[in-house]
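Shared chain: subunit A. Partners: subunit B in the first complex, subunit C in the second.
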Partner chain A sequence: MASLALTLEFGGGMELLFGNVKTHKVTLPAHLANDRPTNIKALIGWIRDNLLQGKPELFISDGTVRPGILVLINDTDWELEGELDYELKDRDTIVFISTLHGG
Partner chain B sequence: MPKQCELCGAAKAALRRPKTLQSICKACFYTVFETEIHHTIVQNQLFQPGDRVAIGASGGKDSTVLAYVLKTLNDRYKYGLNLFLLSVDEGITGYRDDSLETVKRNEQQYELPLRIVSYQDLYGWTMDAIVKEVGRKNNCTFCGVFRRQALDRGAMLLKADHIVTGHNADDIAETVLMNILRGDVARLQRCTSIVTPGEDGCIPRSKPFKYTYEKEIVMYAYFKQLDYFSTECIYSPNAYRGYARAFLKDLEAIRPSAIIDIIHAGESFEIRQGVKMPVQGTCQRCGYVSSNQLCKACVLLEGLNRGLPQLGISRSALAKARPHLPSSAPDASKSEMAPAATTSDVRQKDTVRTGISTLDW
Partner chain C sequence: MESYPQDSNSLARENSQLKARIAELEAQLAQRHSEESKKTTTEQEPLPFVPVPRLSNHDIARYSRHLLLPEIGVQGQLKLRNAAVLVVGAGGLGSPCILYLAAMGIGKLGVVDHDVVEISNLQRQIIHTEARGLSQVTKADSARQTVAAINSQCAIRAYTCLLDSDNALNILADYDVVVDATDNVPTRYLINDACVLLNKPLVSASAIRLEGQLTVYHYHNSPCYRCLFPTPPPPETVTNCSEGGVLGVVPGVLGTLQALETIKVITGQKALEPPTLLLFSAFGSPLFRSVKLRTKKDSCAVCGTNPTITQLQDYPQFCGSQPVDTPLSVNVLPVDQRITCQAYQALCTQGSSPHLLLDVRDKVQYDICRLPNAVNIPWQHLRRDLDQLTRLTATEQPIYVVCRLGNDSQLAVQWLHDQGFTQAKDIIGGLRQWATDVDSDFPVY
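Right after this comes the complex of A and B.
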């Protein structure tokens, strides 16, 4: 079965929810349940179930990232890439940055 | 199909601006981001050539981007400013000591002289020591009151003409919401001002990021790979602001212009004629600006030094200690016939009961 090698980065304080590690190399199946391609929505759920060490509500809210967390897909604002519906490709880099910390 | 930049049409768009919903590339983003701040500075005449400007620097995203952008604009547009980094060391082990390391790196990276003033030197107390004394409940009140004065005192040591802080549009919109929820009319009017004029020996303060969205500040820092510190303070965050913040972020997700709209709403509030506002005077002990005979910092400090840390926090502690303190200014608002509590009533109550309002400019 095809798989996706992804680089996940957490910044702006979010790394504290992931054992204080900023960069995670992970492998996900290219298709999840129902044979649908793995998209960002599925990735967020996968991160919650497999990587997250802190409280889920600091990362996820109503099936998406908590408001105030910026997401970049290959260095581009996810708002330009279809947000939750973006279908992941092999070697994509997804960055999550919290805007909620300090000033 | 990658989206093209709506401004130059040549490069691939890298982000959607929350303010305009335009999709723009990195290069155009840097240009509009910096140019808008330049226009804010020029239109509001924040600085004069030759000014010594102290940048309140915490090592966090906002003040780091502010230092970088001000340095860039000062060079590009020949403002003729002497820029300094000014940091306050609250004495919080595991938090401020780490963030100050970031500011020290910024000092090298941006070639801006750095001055650090500490609570220990100014007040004889670190936040670590204060928390040991007062616990984790009202500690943020002490910190907020002391920080505001500490920045002023540090700026005086630098002989600064002006202080700038990294407060951004999101921060200001949050403060508008908080002041509405608390009924703090005096602060509601003040909190949207881009500059607090320097009167009674105070140094003028301004917020060049008043119209700058937090999302864009974080994107700018990320794309430019600026070095900033992003750990939450170890002593419980400001819970009340946290609620306003979560609410504002929810609003922004639905309609990004909500942030700027709330700022405009705050600016548009006018206080009915005849309502008595608190009169700004000076503290009899330290000379700092205050609407009471003693400023909040002196009251809090007296409480700490006399072993009555609740002084200035709770009403009952204040009543107990009152014989030792000069009495508060007479409350003239009592005679005023107004349907709701008047400004000074509300303010008085708020400051005495919680002391929190002093945090929110």
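Right after this comes the complex of A and C.
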């Protein structure tokens, strides 16, 4: 079965939810059980079940990332790429970054 | 030196007289400082700001290094001279930003900040001084004093108020570009909405720990802050500098970049660039990363085609947090699960109450200072691995839990009770309160 090698990065304090590790190299199946291509929505669920060490509500809310987290697909705002429906490709880099407020 | 045969009574009397005299002198000194700081605040009649048609000979000499750059030149410098910039926040970001804007020849500067200078600000807020930290000068006024010393031609105005929904539109209206150098969520939404309503470009940055972010909002096709973040983050996910720490130079880098983006907006260069978010990571490699952002969002509540926000809102309510840079304060325990610092100290001096003193701060904080006999299990770790605690004590034994400010200790005690540790108690107010009530020599950070 085809698989996807992905680079996941967490920044802006998000790394604290992932054992204080910023970059995670992971492999996911290219298709889910229902035969649909793996998209960002599926990735978020996979991260919650496989990588997340902190409280889920600090990462996820209503089936998507909680407010205040920006998702970048290969250095582009995910809103330009279809958000949750973006179908992941081999070697994609997905960044989850918490917005900062200090100054 | 003369010597007096004195008994202990007369020594005690003299001691108390001297103490009274010291208190009297300290009160006078405090009074004088407060009068001086009031005086400098009211004496701040700004230079009149009058746009000019051409640079003076003085300007040509002073800004010659700018005039030699084709990207700035005489026309660019003249635009800086005739521009008015408002910087909201004279802290870590605002300090270098204000310094550079003033030095580079911006004609009119406004600085809004209601906080006073504190000693713990000085490792990053380089526009302020130790003397102003000791005499409680407001940050806006301190910034004004420094700017006056660097560039006497700059018409600078200090606003020593908190920016809010009542005053924001009036204050912002006088300026061409707004710089968001603040430290909290409600004020960021307030400034964004005010900029959209008044149609002003917004140069925004933030910094904490070792990271920073920079974006220019509401400029040409750029999104506004709400286009990207329509919903504010849950307050418990927001970390601030007094809690999370910040490396001095990090806001320094971001604030300096804000000054750069501001002059690019004023001279027109910025209009040529697509909207981006710049990410800075001080210990990362690469240091910088630029991310392509969406353009303006048609459905945005404030800058979209059919805006639902047409006047300023109640931002603390919208964000569920106050416009301050202090940690949330929690209060979740019944009285019988709490103990004051004094009562805990009394219990220790009696020596007859065996117990475990559990310090739930992070290790870096535990390394700064700790109470004798305190055992450190950070709150994050405790929750994940209760065995660390069961190896040390039994569920029916008393446990006293302490942290920095008395918030995490309450959450930990609540959780410990759920795990069956029925004798767990929270030390009210944490080590900060300990320093106030029990041991004035205990470090405060």
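A few notes on this one:
What we mean here is this: the second predicted complex is superposed on the first by the 99 of 103 C-alpha atoms of A that agree within 3 Å, B and C clash if a C-alpha of one lies under 4 Å from a C-alpha of the other, contacts with A are read in each partner's own complex, and residues count from 1 in each chain.
Operating definition for what follows: a residue touches a chain if its C-beta (ideal position, glycine included) is under 8 Å from a C-beta of that chain, and two chains touch if they have at least 3 such contacts.
This structure is a prediction, so every number in the text was calculated from the model and none was measured.
Three-chain overlay on subunit A, with subunit B and subunit C in a clash.
Once the two complexes are overlaid on the shared chain, A:Leu58 sits against subunit C while remaining clear of subunit B. Of the two partner chains placed by superposition, subunit B and subunit C are both touched by A:Gly13. With both structures placed on the common chain, the touch criterion links A:Val21 to neither subunit B nor subunit C.
By the touch criterion defined above, A:Ala5 reaches neither subunit B nor subunit C.
With both structures placed on the common chain, the touch criterion links A:Pro67 to subunit B and to subunit C. When the two complexes are laid over each other on chain A, subunit A has residues 11-13, 66-68, 70, 72, 75-77, 79-80, 95, 97-103 in contact with both subunit B and subunit C.
Against subunit A, the residues of subunit B that register as touching in their complex are 2-3, 12-16, 23, 58-63, 99, 166-168, 170-171, 214-215, 217-219, 222-223, 229-233, 245-246, 249-250, 252-253. The touching residues of subunit C, counted against subunit A in their complex, run 89, 91-94, 181-185, 188, 205-209, 211-213, 228-234, 236-241, 244, 246, 251, 277, 279, 281, 284, 289-294, 297, 325, 384.
Residues 11-13, 16, 66-68, 70, 72, 75-77, 79-80, 95, 97-103 of subunit A are the ones that touch subunit B when the two sit in their complex. Touching subunit C in their complex are the following residues of subunit A: 11-13, 22, 53, 57-58, 61, 66-68, 70, 72, 75-77, 79-80, 95, 97-103.
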